[in-house]
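Below are two complexes that have chain A in common, paired first with chain B and then with chain C.
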Partner chain A sequence: MIALTGNLLLLFALLSSISTLIFAKTPAINVDKKYKFTCLFGVFQFLFIFFSYILLTYGFIISDFSLITVWQNSEIQKPLIYKITGVWGNHEGSMLLWLLILSVFLFFIIKYDRRIPRSVLLNTIAVQTSIIFAFLLFIIFTSNPFALQLPAPIDGIGLNTLLQDPGLIIHPPMLYVGYVGYSVLFSYSVAIMLENPQTDNWAKWVEKWAYISWTALTLGICIGSWWAYYELGWGGWWFWDPVENASLLPWITGTALIHSLHNYKSTGQHRDWTLLLSLLSFSFSLMGTFLVRSGILTSVHSFASDPQRGLWILIIMSFFILFSLLIFLRNLQKENEKKDFVFFSRGTFILINNYLLMVSVVVIFFGMMYPLLLEALTEDRITVGPKYFNIVIAPLVIFIAFLMPIAPNLSWQDNWTQYALKKLMISFVITISITIAIQILIYGNAYTFNLLLLGLAIWIIIVSIIDLLPRNLSNFNLSFSELKRKNLPIMGSRIVHMAFGMMIFGIIYASAFSENKDLKMNLGDKIQINKFELQYDGFGTHIGENYDDLQVNFSLMKDDKKVADMAPAKRFFRKSGDITTEASIQKYYFDHIYITVGEVQEQFIFVSVSYKPFVRFIWLGGFLMAFGVSFKTLFRSKIIGITDASAN
Partner chain B sequence: MLQQINFVKIFFFSFFIVFLFSVGSASENDQERISDDIMKIAVELKCLECEGQNVYESNSNFSQSIKAYIREELKKGKNTKDIIHDLHKKYGDEILMTPPVQANTYALWILPFFLLSFGFILLLFKLKR
Partner chain C sequence: MTNKVKRLYFYTTATLLSALAVGLVLIALEENIIYFYSPSQIDQSAATNLVRVGGLVKNGSLKMYNDLGIKFIIEDNVAEVSVTYNGILPDLFREGQGVIAEGKFIDNIFVANEIVAKHDENYMPKEVYEALKNK
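Entry: the complex of A and B
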């Protein structure tokens, strides 16, 4: 029954998207009618897809094993929450989620973007619908979540055990909102290019989508990294794994896009480049999906891959990328006004920012694909691991971090203000003092490369904090709405910059100064880690809903006083027999004490203990970034059509 | 106006000095903190049976045998470099997490620095005009 209804819903959705396309592109009928019907069928698409998604979730909840997808990825014993989230823990379901988010965004365009000129809006809806259409075809023909098998088996195979974790509840949907959010920018850009080369206000239309997608992607990546940190049990937070890279690429182009949009909105320069960046962001999102789904690049993430489906996504991807690039090239405009090139202006610095970001995109992409290319061409097999990426990305980060505090203090036109200079100088002196203090306290006497990065991170943080002081924001005697319009967006961008500084600080500090100990412990043994003592108290068991834990108990002590109990575990899943490692993490200010257990014997255990100072800055920074951008999203300057260089 | 330019110059110059200092004697202390030689070697090696894990992180048969091998060799008194060299010889380039700089990886290593300097030259060129 579910299978039949689900297939019908998908079919109706397909018909609605065909109707949307027809109404949006038929020249014969009058514009009002065209608009009305296009929107109507657009909303229909959303509703049908939404209900089909709900239906699949229902199938998972009642464990209807006549659906192949449910049978392969669920079981009766699985906790309810993982039945619901397990919908996107497999290929079919996650593609349906992808489709759902595409259609939700279509719905938002229809509902919230009514003020945009009809012609542009209709084209945008048409492009967005054609993406939905392509993915609907893909789902119906290659990965139908409502595929039926009769008779229904009694119990299912079960969800990949690594994925039965709270991190999975929110990580994929967030990431997908980010990925798919760029489809809106893609659709708008194509529509703008098709419509009128002279359309000028569009920066204001697409701005919020750039912010929303970026926020979601940032959160998605952060949560993913947090999940890897505590679930994979190695204590690492970023592995330069192909799938992580694939999510980082649209994030970087998205970052470049936000800055370029800001520039375009304020000065009217680099229109084409900004459009190209929005096309690129979605292209990289598609590519990320393709890489994960096809299994071309293997990683811990590719829990459901299939080369044949990969081919389909490749076709969809190539079509949209080529199609948009063709339109882009046809509508390429010559920059009409050649201004004098002034080095110390915000525009130039944004351009440099964009260049550096694009170099990192190229470098990461190249590093990711190089082993594949090399093997295809010469059959030589090499591995490009994390160290390579760290080496090549570090100089780029240094430049970016160096320019980051300066750029927002420059004006659009030219030259410095005395005040900005003074501010930078003062902050620079403070930074050097703090950095030297850190160096003396921790390193002793030698300078190291890490210190430079730490110093730059501190500099970013300090300048941003100075910028956030009330006296440096515009006058406070303004009315609230003025204040909102003028100050909050600036505050938002400073918070994001500060958060980025915190993140770099956390990454460098935690990697440079973490202490690791791998050792064998007998009952009652104590070990020293940083300021703490850890005592092994024996082990016990804990029975979960579909797993049993072998818990190893530790007491964490500081100055001979017990601070906390810690209990890392080995988790045995009853059905699959899989064993996962559950780390135990204890917070201490911004630091973490991180324990995982290896082998557990009657007399002794193997344990791995780490002390990771300032590691929490990494995620704190990430979440703060998302928070800062939400300021910008909510309080964007709403005046349309004014090039307001002083506003932010 | 003159004062302003000086400010800027001083500012960049001081950064440059700090930069030189930092690069000059990079990562000496860095190595000291890793006491466990096995870990040091194992993180440099890829687990050839797994997907995207290094030998240290992985618990596969392959990784365990490699770790045991490293332990034996260390006991014999071999140093880190030689052990990695031997394993490299036996299993090929693939086992190294970081690709060696050689004919088939020149492009990989040069591209980032080429792009960076290209941008720099472009900027200088624009500034001159």
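Entry: the complex of A and C
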């Protein structure tokens, strides 16, 4: 039953998208009717896809093993939450989720963007629908989640045990919302290029989508990094793995896009470049999906995969990229060259920001694709080591971090203002003092290079905070409304900049000053790690819903006082017999003590203990970045009101 | 200076910097690529750089010796490579299954500093799959 209904729903969704396209693009129909029916069928697409997704989830919950997807990726014994999230723990289900998010965004466009001129809106809906159409075909023909097998087996094979983790509940959907969010920007950009509306308001229409996608992508990447850190037991937060890089590329172009939109909105410059950035962001999103789904690159994310599907996504990807580039090239507009060129202006600095970000994209893309290129040419098989990425990215980050706090203090057209110069000077002195204090008080022997990077991170944080302080500190009786008027418009961006500073600080600090010990311990043994002492107290078992844990107990002590109990474990899944490592992480202010166990014997254990100072800043910074942009999105109408009122 | 000249300076600088970046990238790449070999392809005396060796973990070859030391053999039905590794093995490391080790040859023994982990027990690294297929 489920299989039949599911297939029908997908078919109806397909028919709805065809109807949407027909109504949106047939010139003979009058505009009102056109708009009404296009929206109607757009909503139908969403509803049919939504119900098919619910239906698949239901299939997972009741363990209907006549569905091949359910049989391959679920089992009766699995906890309910992993039955629900397991829907996207496999290829078919995750592609259906991708499709669902595409259609949810279509629904949002229809519901929330009514005020945008009809002609642009209809084209946007048409482009978005054609993306949905392509993925619907892909799902129906190569990855149908409702494929049937009879008779139904008694029990399923089960979900990959590494995926049975809370991190999986939100990592893929968040990442997908980010990836797919750029489809909206893509659709709008194509529509704008086709229609070429004479107003420059379009930057305001698409801005919120750029924020939403960026927020989701940031959260998705952060949660993924956090998941790798604690669940996979590797203790690292970024590996420059091809699939990680693939998610970083749209993030970087998305960052460039937000800045470029801001520039275009304020100065009307670089229209084409801004449009190109939205096209690029979605192209990289498609590429990310293609890389994960095709298994073409060797990556820790590679799952057993079918090359046939990779080919399909490659075709979809090439089609949309070529199609949009063609429209882009046909609609290039002459740049307004009359404006004065002032080097120390915000516009120029945003241009530099975009330049540096694009260089990062190119070097990461190159490092990622070089193995494929070399293999095609010489049959040599290589991997590009993480060191390459660190070496090429570090100088770019140095430039970015140095310029980042300066740019928002410049005005759009004039040179420096006295006030901004003074503020930056003071911040610079504070930064230098703190950096020197760190060097003298904490590490007498820190490498100059690390210190430089730490200093830059502090520089970003300090300037961002000072930007938000009242202009005249001695006269502190500023009214709340006064502070709100000044701070609300810049609050979001300063939070994001500061959070980026925190992240850089965490990355540099944790990389430079972490300590790790791999060793063998007997019962009662104590080891010293940094200022902590760790004692091995023996092991016990813990019985979970579909697994048994072999827990190894430690006491963490500092200055002979017990700080915490820690219990890393080996997790044995009853059905599959799989073993996973469960790390134990104890936080101590911004630091982590991180333990994983290897071999556990009656007499001894193998254990890996790490001390990671300030590592929490990495994710804290990431989440704060997402928060800052959400802040900007949520208070957008207010902010626009304030800036319009105070425009001088 | 006119605007045109200013812009020209700006974009010329950007181009020169890009060229510099390309140079640095190529140098960084040259020094940080890691070649992959199957046991039968490798010339042990020549491979003193960091390399990756991939194949199957030979059945019955896994031995633990003092402390965290581990020894095993990677094979591809033609040749074998003895590997030593100091540290904790990934959970999906099994005898008879695919593996990739990263490290250097020291006195004809491959000293691994990393055993590359994977997400999925059914997944065979592409390099290993093709290395075995060609034998």
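Basically, the second predicted complex is superposed on the first by the 607 of 648 C-alpha atoms of A that agree within 3 Å, B and C clash if a C-alpha of one lies under 4 Å from a C-alpha of the other, contacts with A are read in each partner's own complex, and residues count from 1 in each chain.
The definition used in the following text is that a contact is a pair of C-beta atoms (placed from the backbone, for glycine too) under 8 Å apart; a residue touches a chain by one contact, two chains touch by 3 or more.
Keep in mind that what you see is a predicted model, and the values were worked out from it rather than measured.
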Superposed partners chain B and chain C on chain A - clash or fit: clash
Touching partner for A:K387 - first (chain B), second (chain C), both, neither: both
Touched partner set for A:R115, first chain B, second chain C, both or neither: neither
Which superposed partner A:K561 touches (first chain B, second chain C, both, neither): neither
Which of chain B and chain C A:N160 touches, first, second, both or neither: second
In the superposition, chain B vs chain C on chain A residues touched: B
Chain B versus chain C as contact partner of A:R330, first or second or both or neither: neither
Chain B versus chain C as contact partner of A:T580, first or second or both or neither: second
Partner chain in contact with A:F606 - chain B first, chain C second, else both or neither: second
Overlapping contact positions on chain A, where the chain C interface meets the chain B interface: 232, 234, 298, 300, 302, 341, 343, 355, 359, 363, 366-367, 370, 380-385, 387-388, 391-392, 395, 518
Contact footprint of chain B on chain A as seen in their complex: 232, 234, 236, 239, 241-242, 298-300, 302, 341, 343-344, 352, 355-356, 359, 362-363, 366-367, 370, 374, 378, 380-388, 391-392, 395-396, 399, 402, 415-416, 418, 421, 424-425, 428, 432, 443-444, 446-452, 455, 512-513, 515-516, 518
Complex contact set, residues of chain A against chain C: 160, 162, 232-234, 295, 298, 300-304, 337, 339-341, 343, 348, 355, 359, 363, 366-367, 370, 380-385, 387-388, 391-392, 395, 518-520, 578-581, 596-599, 606, 608
Complex contact set, residues of chain C against chain A: 3-4, 6-7, 10, 14, 18, 21, 24-25, 28-29, 31-37, 50, 52, 64, 67-68, 86-89, 91, 116-127
List of chain B residues in touch with chain A within their complex: 4, 7-8, 11, 14-15, 18-19, 21-30, 33-34, 36, 39, 44, 46, 51-54, 56-57, 92-99, 104-105, 107-108, 111-113, 115-116, 119, 123, 126-127, 129
